[in-house]
Each structure stands twice: as structure tokens, then as C-alpha cells.
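Sending over a structure as C-alpha cells; questions will come in a sec.
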């Protein structure tokens, strides 16, 4: 159930039986020669929506532009400063909290967002302590990245052994091909497997990884693989969400 | 062309022939008993994408949560504080400017966003003056709201004479019904035409307009009307965008 | 009654019968070859004071520097960033609200301020919701620009038909000549009527409008015309303020 | 010369011979039973204008609301948060610096502003280092409070020996009576001389100093005394401003 | 070499041969019944200083208060909001960068800091891109937490098998006992091994972990163990720092 | 008693008999050819700890990097922007206030911090008024700089007549030599007594005072003198702290 496709009386009714909600959060950044700029937002959105269908949870609008400062040397990448993203997450969560939502569950599509999202949760908790003290609601923020579960990592090892890499991975590209089969890009990758390693800022990233990929061979991506990743992720995260709601 | 469905080399190529880009901006807020919470984001997004198709322009991700503080007394409404939205717009625009985009055109779906968007443009210009001085790029931000053109207002007067109102209007509800025909809500409206008037903060809004509508009868909305509004808006705004790019 | 010319016990007494107050807000920016840099602050201040006399309302200190980023290519122009102006308005209003003022009415002299002022009102309402929730006072902020009423626009059409323009207008220059007759500048204008049109940032403004005026012929300004505008504006706005206080 | 009463070409001409400008900064806060709420803004403004006349310096608009958090327990007091006032001073100074002003001289009317003004100067210098590095202009900010000179303190000891106090002083009240003779308040003071001492926050201030004065007997104020203080301050500060401009 | 114990000419000399510097960052927060509130700051500081001695690196002042919002339900805990800590890290790093330091290496003592530190690095990189563009220095920020290396985790498994836990661990308590042998607290722990698990905000933390420990038995800590951890960490991190400097 | 060397139950016990705490605040900035970069932080820290011993007060971690923008033209100097330092002080104080501390006493080692610390106190009071209103705790912040008492200034006049100066003074250098006798720098000073005067920004500071000292001869510093200053300061400030706690 997408929040944007409900009416306010429908949300009022929903809140009588659940105070949980899911927020997809992605990024809009280069994903190599054949990966979509929207890869991270697309993966987060489609998987979050799948989880919403599986669990009956409301799904809020996707935060499509995330923290991608390190990708800015590639055209088309967009980023919020970490401090802006903290403010966005704070406003999203506190808006929902005003209506009585108390369990806000982020489904994330971008590793680079994680630090800032976690910082944002504590910014929110700090503000609630300062303004409400003991009267603050029992508000809880949860975060899962769609690939951080056993099912998905098993699948990655099975299908893309040794070439998953860490950016512009074949698994995430597969999910986007499953979601947007009309936007599959047939582009030769040279070398097939990108170099691996760390990086510092955006210039350093591009210097080390000239086509944008890190350690991956997304040339192996297919929509069929994508469906398997999607199914595995939805099942795993639906379980995580259910446990998040049930937690004492 | 959706930015999220391109690769970075495709964007690099695009920039050789155009430095313009469109950003849809909406809101996630109550739209009365039969209007979708996502009405403003949906209208902005589908119309912006139509303009993108008509003109060959890139369309960046939709800013789905806008400035809706005054709707917060209705469940499901979400809002950014104006200061947060200014930061978001600043980061979106300056990200694009880093790559050489110089004409950033916002297609807006929510009247309540307009003041903050305009403030944001000047925040951006002020920062560029301060940090770059005479070396600042000739960056230009444009803003149109999808209903602010003769074609759409003529249509509104023709189809919904006297009952368009100013919030949860039959024309915007029609556009969402055209876009999401599976999410049409059959809900009786009482009274058929909502009361009109101004308001102050969110509590005052709800006191004056208990079901969330202002002056409108969205019970008259149909997907067919929605298509007419969509077509009219796309044509009008495609012209506005083209003139924006061509401006000396 | 100017707040600055009262004592605190006098304000305490005032609050027993009224919780309304007026804040003039202007700008300090170029107004063409014969318009004063303080035009917008002067118009807002003198008209607000007139309204104060007509209605017995307290008038707070003028916010003299506003949002004028787009005028910064002309010497002497000053500006707050929109985010700074939001903070200023917030602090002004919340200071007054601490004492029990609940109706804060801005009389504005500068079109370029409007977006930021409106954004500021929602910043205030958002903060009050977050910090006070249901215990927030029924605080209402109102905004009128002195020329936005029928009386003034009728007068403009009568006295300056077709040459009012949109910046450095003969009507605002007339009001300043009425207020500061010793500072009337006799300067030839060439062309008599400035070019019209839109603009983007400050450099673009100066390129299009080299002497700073837009569409106007302020060479027609006189102090006598100024008095007529002043009288019309004070009467109209006194009515608006009275209705603002009386509103349910 | 008031900046607000000049045209932009006049400022352009002025800058050919001087890059100095004066900004009056005051406060809008209780000044005891017979002192005006605007005392600090009025003193700063009239004395700064006097200095402007004496030296030919331009005088920018008065910053009328300052840092008066500690006076907020008395009706009518207004305050900016220190962080807001820092932003205001920064924007004022950097606006002027854009046009080539390099010597910005604040004439201050409120002891409570001093810390924040000094902090603001360093905020400005820090930003210029960060954004311009070695290319930063040789921008200098100066600050004098009108009573911080030998002439004024001699006069105070001569006219109000032992009863000057530190808030709502007879000397500042005298200056306002000289400036606004129609607003002299005849109010008995009991006790004649207010208690002395320190204070913490606003509640503590009011508890210790129930009528708002600290250590003073402003019942001795007269407009004639005010003229003497005005003359002494203008002469002293004109010298300080001249030396500020001449400094290597 | 402690920066605070050098003179500025000594730093000028140092910069001729190295542009690297180490910043210890810890936290001031409860560490259970027998752990010091300063545990994380102490560990970071002593180990960073050891690394400084081992490598000849300068060591800047310790950032002693970190991000500990989740510990605030225990007396004595202190925290910066994430947004404040981001600003602190930014100012520290940009100060050093002004002098030509280009490799800034944080030695961290608190898991709860990691997200915010990483966010801060990107805040810095974003600002440098915006203000300096291609002229930005090749500034690199590194982060290691003292326990995140094989040597330390091997030692932990050897000495405290199964009872290391994740907060108020015997290894960190041992390091503080080694550093401050006069401040060893003899306090019975009941149960010996604290419960394990996750938590949400500060109230939730205290509810789940009433004495502040998570999964640990710090009753086993000794100064002798502390020395072994200290030695292992210093050796490991000295290697990491050296590789950080040598990195292409 | 150092807060960092206590456990949380010990702090809980402490709060039963005292709600006062001391925070040392210094700076990390050049102090001339023979003064340590950490001079101000060292002086504040050792004296604050002495006061803690003398009075039984808790001493929180030292804020080691302060407001030193004006020293940034000398290598090794570090600074927080004033706005950052305000945030740091706010977070420190409000953290302690959450636990019931109501008297927070800053012992300061750097004149350049004073303005920003005072601004921070009012930022805190303003926030408490806005968020808690009448329910705000009676929180009081105190500030002393270690040299601002009769005992220390008498000693300075006695030991270093006419050569104390205002930066890199022999008295502060003596205190650091007493605290860190292994870090005494034997460096010839030429001239023995540095020039005196004011300054503007950091470049101007270095131009006027090329070796970093102002008006001082720190060549006369000795650890023995340092001990006398230390003793005098501790005694004087212990009295100030005791009176701060006892104040009605």
C-alpha cells in the first residue's frame, strides 16, 4: 500500500491497527557504463513496495536523492550534503510521528547512505529528548539495506561468484533490469571485472575507478537474476519488518 | 528521458547538446475524502515526464515531500520545514550545476511549495555570488506550476465551472485518476462543494475545512477529464520549457 | 504607537485590550537613478505607522534589510539570504508571542520579500507544532504588501497609466518623496520608461535593466502623488488589519 | 548621509573616495518604568547619524532588534537568538563587501549585543578564509558602544554620580528624551535608585530587578542632559571612526 | 608528538616532511558499574598518542565528547548532536587543511561515533567541491576504531572468550585501567555477564540494559590485560597510519 | 574529580549533594616562538582540575579547540567557527542539564573565546524558553577566565611588570612550563618584548605581529613562576565557584 495512493481517512483507519510504515531511500548516482543512475533508488523502491504488499504495510514516498558526494565526478550524479539528508530524514520521520506512527522502517538501496541515516536517527532522538523529555513518544527508527541478509548474499555468491564487487554490482543491476526491462543497456565492459579497492573523495574515486564500477562485473546482469534477488530480498525484509513491529 | 533510467555516459552525451533539465516537485498531503495523498507529487511527476517526452529533456527524480505544514492536522500528510526544503532544492540544483547543467526547470504540483522554491532559488544565487563571485556560472532556475497556464485554466472553467476550488480540486484529482486508474476512490462528498476561504496554521485549516477540501467538488473528477488536463498541461509547459532554454 | 516609544508597563496594559501588532518589513536596494535605496523600507515603515495611528495598533521596529539578492549588482544594495530572513522573522514573531501577542501583521514594501516571508510563517508554525503540539498558542501571522489593494492599484492606473512598471515604480518613489521631501533626486531618466521583462540572478538583472528600473517611469513621481498613495494605502490596510484581528 | 536616502549611482560615487560605512545596532527591550523599549536602538541610531554628519560617512539601516534574551520576561522586549544575529551581521557585512566597502563600523547601543557582534566578526573572517583564501578582501569590522569613551563616562560621573547604574541608565534615557521629546514618560520610580548586581537568565533578571532597572536612577534624565551626551558621543566616535579608516 | 606541546615554528618544520596528523576522538558516556565515563576518550587518546610516538606523527587534541545520545539515560553521559559533531569535525579538519595538512587520520574510541564521522567526511568533501572546485586540495580523511584490527580481536577472543560483549567491554576497561591505574573501580557486577541485544533510543537502552553494559563482563579487566591491548592496538594502527600516508 | 574518571553510579551519588560542574575551555593556537600551541587549553585544564580538587567539584572534559580564527595564519592553529563553538557549548550544557546539573561553570583559558561563550549562554537560555517555557530548569552558566582575578593580576604586575602583554604572555607560558616541564622551549626572542596593538583578521594579525606574540616577553617564563600563578588562580577561582553555587 503506497501512502501516496491512499486518502487521509484511509490512513486514519490504517493507524487503528498498525503504527508501522516503510520509507524507501536510495540514491541518484552513476552505476558504471551499463548501470542506471537510478539503480539505488529503484532497488529500494521496488523492494520496499514488495515488502509493503507482503506485509500490508504502508510505504511512504521514496527518498530518491541520497548521499553520493563521492560519485560527483561522474555526470548525472546528484547528492544531498549529509547535513541536508539528516534534515530530510528528520522531517519525514517527525511528520509521520505527529500522526501516531511509531515504527519507521527504512529500506535502503545505497551503502553510502548508511552512515548519514544512522546519524539522522540520533539527531531525531536527541531532538525528542530536548523538546519532549519523558513525554516523548516511543518512536523507533529501523534501517535495513536490501542486500544485508543471508538470502541475498547467498544468492550473490551462487550467481555471481567473485564478481559481485561493491559498486555497480551485477545483483543490483539485475534488479533494475527486472524492474525496468525497457531500460536494459547493452554496453561492453572493459575490463569485464572492474578494479577493487577503497577511495577518498570524488576525484579520487574517478581516478581509481574510471568507468565508475568497483570490483564488479555487471555485464552478467539479467532480468531473470533480478527477479530472484527481488524475491529473496522481499521475503527476507518482510520478516525483518515484522520482527521490528513485534519487538518489545 | 528519466535521469534515473540513464547511464552516466548517456548523460555526458546529453550535455553536449543541452544543459537543461526538469525537476518535478510535489507534496504528500491530504487531498480530501477522495483525493490521493500523493496528488501533488503524482501530477507534477506525470506532467513533467510528459514534458520530457515532448521536448527530449532529461527529468530528474521527483521531490515527493514538499512544504505542507498547513496540512499536518490530517493523517498521512508529510512535510519538510521550509528551511529543509530550501536545502534540498539547493543541493539538487548545485549537484546538477557541477556537471554543467545551467537551466534547471521545476514543474510544481503544489501551491504551498511556491514561496519556498522561490526562496531557495535566491539562496542558491546568494551562495554562488559569495563563493564564486564573477566566476559563477550563468545558472538559471525556472518554476512553473502545472495549472498556471491559460490552457489549463480555460479547461478548468469549461469542465468544472465554479467548483474548481483551491485545494483537492477536481482537475488535480482527475489527473491522478488518469495516472492511477486503479486507485480511484468512490467516496460520497458532503457537502458536494467544500467551503471556501483562507486559513492560518494546520489546526485552523482543519477547523475551517473539516474534510480537507477548499472550495472544490472533486466528486466530478474522472480519468477522461484527467487526460484532457494532462494533455493541455504538457503542451503548455513544453512550450514554457522551450522558451526557458532559448531565453537570452 | 511605536513599540520602541513605549515602556514595558505600557505594553503590558496594551495587551489587556489587544494582542495584535504590526511589523513593517522593507528592503535596502537600488531603485534606479532617482529612487532611494531605502524606498521599500521607507514605504513599509511610513504606511505601517499610518495604519498604527489609524487603528491604535502597536508598530514594531522595521525590518529594513530584506531579501534583495537579485539587486546585488548595484552598489549600495543589501540583502539577507532567505534562510537568514526566515530566522529573523521567526525570532521577531516568537519574541512577541512570548508576551501574548497572537496576531502579527506584516506590512511589506518589497515584492522580493513575499516568498521568504511566507516560508517563514510556515517555519514558525512547524516549530510550534514540534515543540508545543496541542499546547501551541493560536498564533496567526498576516502579510499584506502596501500596493496589493484595489485603492492603490486604481490610483496607480489613474495617475501613472502604463508606466507604473514593476521596480522603481513612480508610485513608490512618490511615497518616499512625500515622506522625505528633502531627499528628492532630480535626475534625468533615459529612456523615460524602462524596459520590461523578467530576470534571473543579479548579473542577469543588471544586464537586462542597466539603470535598475523595470518597466517604470519614476520621473513622474511627486510628493503630492505620494500623499495620495499614502492615504489610500493606510485606509485600505487599516481595514485589512482590523479584519485580521476580528477573524474567527 | 543615510544609505537609505541615497541612490545607487550616488553610492557608486561615494565608493570612489571612501570604502567606510557605519551600521547602527541597538535593541528593542524593556528599559524600566520610564525608559523606552527602543532606548538602545534610538541611541545607536541618532548617534551614528550624528557621526555620519560629522564625518561624511554613509550610515546603513539600523539593526533595531538585537540580543536581548535576558529581558524577555518583560512585555514588549524582542530578541534575536545569538545565532540569528550572527547571520544578520554576516549578511549585512558581506552585502556591503560585495560593493567594495572594506571598513564596516558598528555603533552599538546595547551591552548585551557586544559578545554576539564580536563572534559575528570572526564568523565572517572564517568564512572569507574558507571561501576566498588569499584572495579575500582586506575587510575590517569595527565596533564601538556609544558610552565606551572617556568623554561620555566623564559626563556620566559629573551629571549622575553614583546613580548611572548599568541598565536603563539616566544617560541613555536622557539621549532618548533629547531625540524624542514627545515621548518623555513621567513615571515615579520606587526606589529612586534600582538595586545592583548580576543575573542569569530572563526569569532570574526579573526576580532580581522587578521593574527592569539595574543600579540606575533614570528619573534624573532630561533632554538637556541628553543633548550633552549626544554631543560628547558624536565627537568621540567621529574620532574613532576617522582613526579606524586611517589605520594601516 | 602532541600538537598542543609544539610551537608554531615546530609545526612549520614538521610540515616540510609530513602532511599527516592524527586526531583522537572518543566519547564521555556511561560504561557500566565499573567502567569509567571517559573510557572511549581515554582509549582513543592513549592509543593515538602511542601511534604518534611509534610513527613520529603529530597528534591533535582529543575530541572528548562524541555522539552518545543513546547513553543519555545514565547520569554523567554527555553528547553532541550528530549535526554538531559534523560541524566540529569539519572545523578541525579544515583548520588543519589551511596549514597544508592533507592526511587527517582519526583514531576512534566509540562505535557510536562512526556513522557521524563518516558523514562528516562527506560534508567536508562536499563543501570543498562547492567552494574550491578543481582547485580543492587532495585532502584525505581516514578513520580507524582502535579495536577494528586482527591483533586486537584475536587478543579479545583469547583473553575474554565469549564475554567481550559490545559495550563496557573488558578490553576497553582494561585499557583504561592500564592508563589510569589509580582509578580502577572495584564494583561487583550482577550478573557477571550483561544481557546482549540491540536497542533504540536512550530510554530503551536503559530499559534493556539496566546497568549500562551490553553482553560484557568487564569484571575481568586488569591493567595487565590493558597493556597487551594497548600494545597490540598501537602496533596495528601505526601500520594503518603509515599505509594511509603512503597510499597513492 | 574528573568526570571521565568516574562511573555513572558515582555521578548519580554526586548529584545528591551537588548540581555544580566545571568545564575547562581553551584553545589550540600559536603562542609565539616559545609558547605551546596548547597553552590556553593546558592552563584552563590544569587550573580547572586544581579547582576541582580544592572544592570537590566534578570537572568535565576540556574543550580543547576554541575560537581562534585570528590565529589561523600561523601553522598548527586550530579553530571552531563561532557558530560551531556555540553548538558545542549548547550540547555540553544541555547534556549535563538532562542529568540534573544546574550550575555549569566554565574555566576559560583564551580571551578570544569569551564573546562566543557568552553568546552561547544566551543561545541556551533562548532555547530553553522556547521549548520549556515556565517549566525550564533554573539552569545557570558561569564563566571565569583564569587571569581575571585580583590575585593573578597582582602577581603578573609583580613578576612581569610591563611585559605581560596580551598574547603569549609570560604568565600563561609559565603555567604551561609548570604543567609540562619536559616541554619547555628554549628559543631566543627577538625583540625580547613583542610589539603591542590591535588587529583585525588573521592576515592582519600576522602582518602586525610576525612571531605571534603581542606585547609580551615570554622569555621570562619559568615553571616556578608558573606554580605561583597556578596556586593563585586555583585559590581565587575556587572561591568564585563556591560563590557561584551559593548564589540565591
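What to note about this one:
By written order: A, B, C, D, E and F. Residues from 1 in each chain.
The working rule: a contact is a pair of C-beta atoms (placed from the backbone, for glycine too) under 8 Å apart; a residue touches a chain by one contact, two chains touch by 3 or more.
Owing to the predicted nature of the structure, the values given are computational and were not obtained by experimental measurement.
Chains that touch both chain A and chain E are the following: B, F. Copies chain C and chain D of the same chain sequence form an interface built mainly from equivalent positions, shared numbers / all numbers used being over half. Each chain gets a centre from the mean of its Cα atoms; for chain D and chain E, those two points are 46 Å apart.
Mean C-alpha position of chain B lies 53 Å from that of chain F. Shared interface positions of chain B, defined as residues touching 2 or more other chains, are 72, 79, 81, 83, 98, 127, 129, 131.
By the contact rule set out at the top, the touching chain pairs are A-B, A-C, A-E, A-F, B-C, B-D, B-E, C-D, C-F, D-E, D-F, E-F. The part of chain A that touches chain E in the complex is made up of residues 67, 69-70, 72, 79, 81-83, 86, 112, 114-120, 122-123, 125-129, 136, 138-141, 200-204. Of all the residues in chain A, the ones that touch chain F in their complex are 129-131. The part of chain D that touches chain C in the complex is made up of residues 2-12, 15, 28, 30-38, 41-42, 60-62, 64-65, 72, 74-81, 83-84, 87-88, 90-92, 95-96, 98-100, 180, 183, 185, 187, 212. Across the complex, chain C meets chain F through its residues 94, 98, 127, 131.
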